[in-house]
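Here it is, the structure, as structure tokens.
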């Protein structure tokens, strides 16, 4: 199974071991193997990693990255990037924080307003990208800077500070916090509800991607835009929808971090966008679009969370943290790439 | 390759002195031909002869600035490629409108997916789509066991055939093929020509765009020759031989003067 | 299957290599990591490669090695991630946590959880107001308000009239407080200037253009040692006569104070914060002592001026002041 040459169909041999080959050919297989490797490594190397309290920590760490990575993976499969995804998580939380603490808006209304604003910005991102034909990299970089500046300026202007304080005193805080910031203690381990959101988002994204028309269109617009247009795929709708999905996910993560910590800083989320892209790529997404998986991106985030917290559990000098993270991520990508090459018989 | 033509083949498309100009530039003018059911109309011409403008008019991507387009004897103006498609005119472009990384069956139904269930549970009918794909390809004489493989792993000719089979399945009466053999080797071209004949035998009208008379002549029933946006002839097969077609295409005199020019240019430098 | 094992092998080898590397960074502890009786986690809101926090770390590690305790140091400027680091320490069942609270509300849940789990917590640097309420045994740091007010008075003494307050980090409540407090006692005008602290040349450029735009500015107050140097550069390049004063020290700042290019520096003594933070936990672990009697312990402000700069310079060279 080294090379599949181009042969006419009649002479192409039946591929042996099809089920195994098919599993290995899935984009997320490499990430799964890498995740297991990382997990086994830290479980053996540290005593705390594979305990309930330990798992609670790395699952939480992975969850918010995971939600974003899944959304960003869909966008990347659709052939676009969103560099404003990171700052959007801070922006949505700030909208809620400012509306409630400064203007006394009902916290549920504020959350819904925040979602609407996020979706509108996502739609605008998508619309501008599609209308102008500019690379989404540039367009969303612009949005990123606009939002990052607005976050700081508006927060400072209205609150006189650079972080929202006093969220817990807002009426109905607890009622909404139950949805986004609550936790469950099992055997000494604290498990946040964000992990549930992460799993739910991954399941929905996988369903959409593999079993709906929208999913078919996402692969198509990312794989070959002109072809998709020619066969009648609603390209504009699909891409704008993807940008809106990403900003919607950023809203979810914004709410989770707001109600987990009851505060949000003006610089929250800045720089996180690349981590989402890294997780998606570790999870098997091609940077060029048209290929990838939501489960893979979720696994990519899991790897990131495990490495991030595992290094702390291992009590390594954290001056090396980024180096170790970078090395681990490279390894994961190599492993992933290697597994995929094997699986596809070198044809990709 | 014996073909039993209907005694009086029904004319699907009639092109009447059609032309297209972009501002002051005349891209195409005075083109007249027709496409009959169960016949192949070949459009021949060099690069820049106006072939792509012509097919864009047929496909509904451009509206003609002069002349008439009749479908089943009725004059029509297409507002979009979708409108042409709705009248049964399907175009297979050079890039085939396929997504290389997607499985064959997903490509086959792209944009017209079959679904089951309603509301949020509306989902792709994967089983049925795979079944239809296998069946339709088999009808075209393609035996593809694994329709789950990415279409990019198929050869150029095979991809071309999947695109043709797709157009046929989705109710095309007229198939416009934009240089399907241009990028293919001799053997693969043969495969594609065979499928063109098969589509024709199913009663479809085929518009076959090419610059290769050796590809056009064996399958063609009618030949439209274009040069610099004008028609230099619209022949039925009985009116022209392969030799005549080739020499008309090559534009003998023009080539001679070109050769002369090149020679002089070489000497000068 | 073979692939899986190869994969694990690769990761494992990498891990071993990296541990070997990290060992050199922790020479005092890694010799016998499991022999130490106590393990304390120091968790700060520092960004990577920050000179100030390196002194806190040095102080904590010096105390750790004096007392034979293992010190783990972790930092993240994002309160949500800093919370996770606290949760992580709780999961590891450390004997105590030293934490800096730049954004106290963001850490509330995790600190309270740590206290509830029976782990003593000492807060350092910032978060003086919330420390006791969250259940910390004490706070070691400098009141930004007290320090800021002292700086305002000191600027009055130098008879300055129009001073810039340079904020290098968006989102740090403590920095905002410093400027606010300095403004409250300062008799002239004080304007805040937001700069991007991760990019020193840009900090310099921003200060420079501000000075060029408003020649009446006669003083620049920076909130971190390295930004004072940027400000000195900005002042000289814009041909301004503005005097530079700064919070926090570095070896270069001390040298500039000695040379007179920096008016004065306020030292909140980060080494003390790390050292005393661990000491407070150690005293609690071994003898049940609570230092400060429930009140915060001030680590500063100490002013470094031309008069005492030579003495401080010696310690600054060691990276402890």
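First chain written, first letter: the chains are A, B and C, and each begins at residue 1.
Going forward, a residue touches a chain if its C-beta (ideal position, glycine included) is under 8 Å from a C-beta of that chain, and two chains touch if they have at least 3 such contacts.
Everything numeric in this text was worked out from a predicted model, so none of it was measured.
Listing every chain that touches subunit A and subunit B alike gives an empty result. Central chain by Cα centroid: A, whose mean Cα position is closest to the mean of all protein Cα atoms. The chain with its Cα centroid farthest from the Cα centroid of subunit C is B.
Distance from the subunit A centre to the subunit B centre is 43 Å, each centre being the mean of its Cα atoms. Subunit A and subunit C, compared by their mean Cα positions, are separated by 32 Å. Note: centroid distance subunit B to subunit C, computed from Cα atoms, is 72 Å.
Within subunit A, not a single residue touches two or more of the remaining chains. On subunit A, the positions that touch subunit B within their shared complex are 4, 6-10, 14-15, 18, 22, 207, 211-213, 215-217, 219-220, 223-224, 226-228, 230-233, 286, 290-291, 347. For subunit B in complex with subunit A, the touching residues are 81-82, 85, 91, 93, 95-102, 106, 109-113, 115, 122-124, 126, 142-146, 148, 153-155, 158, 191.
By the touch criterion given at the top, residues 3-4, 7-8, 10-12, 14-15, 18-19, 21-22, 25-26, 33, 48, 70, 72-75, 78-81, 83-85, 87-93, 103, 105-109, 113, 169-173, 176, 194 of subunit C touch subunit A in their complex.
On subunit A, the positions that touch subunit C within their shared complex are 33-34, 36-38, 40-41, 45, 48, 51, 53-54, 56-57, 60-61, 64, 152, 161-163, 165-168, 189-190, 257, 260-263, 265-268, 309, 312-324, 327-328, 331, 334-335, 339, 342.
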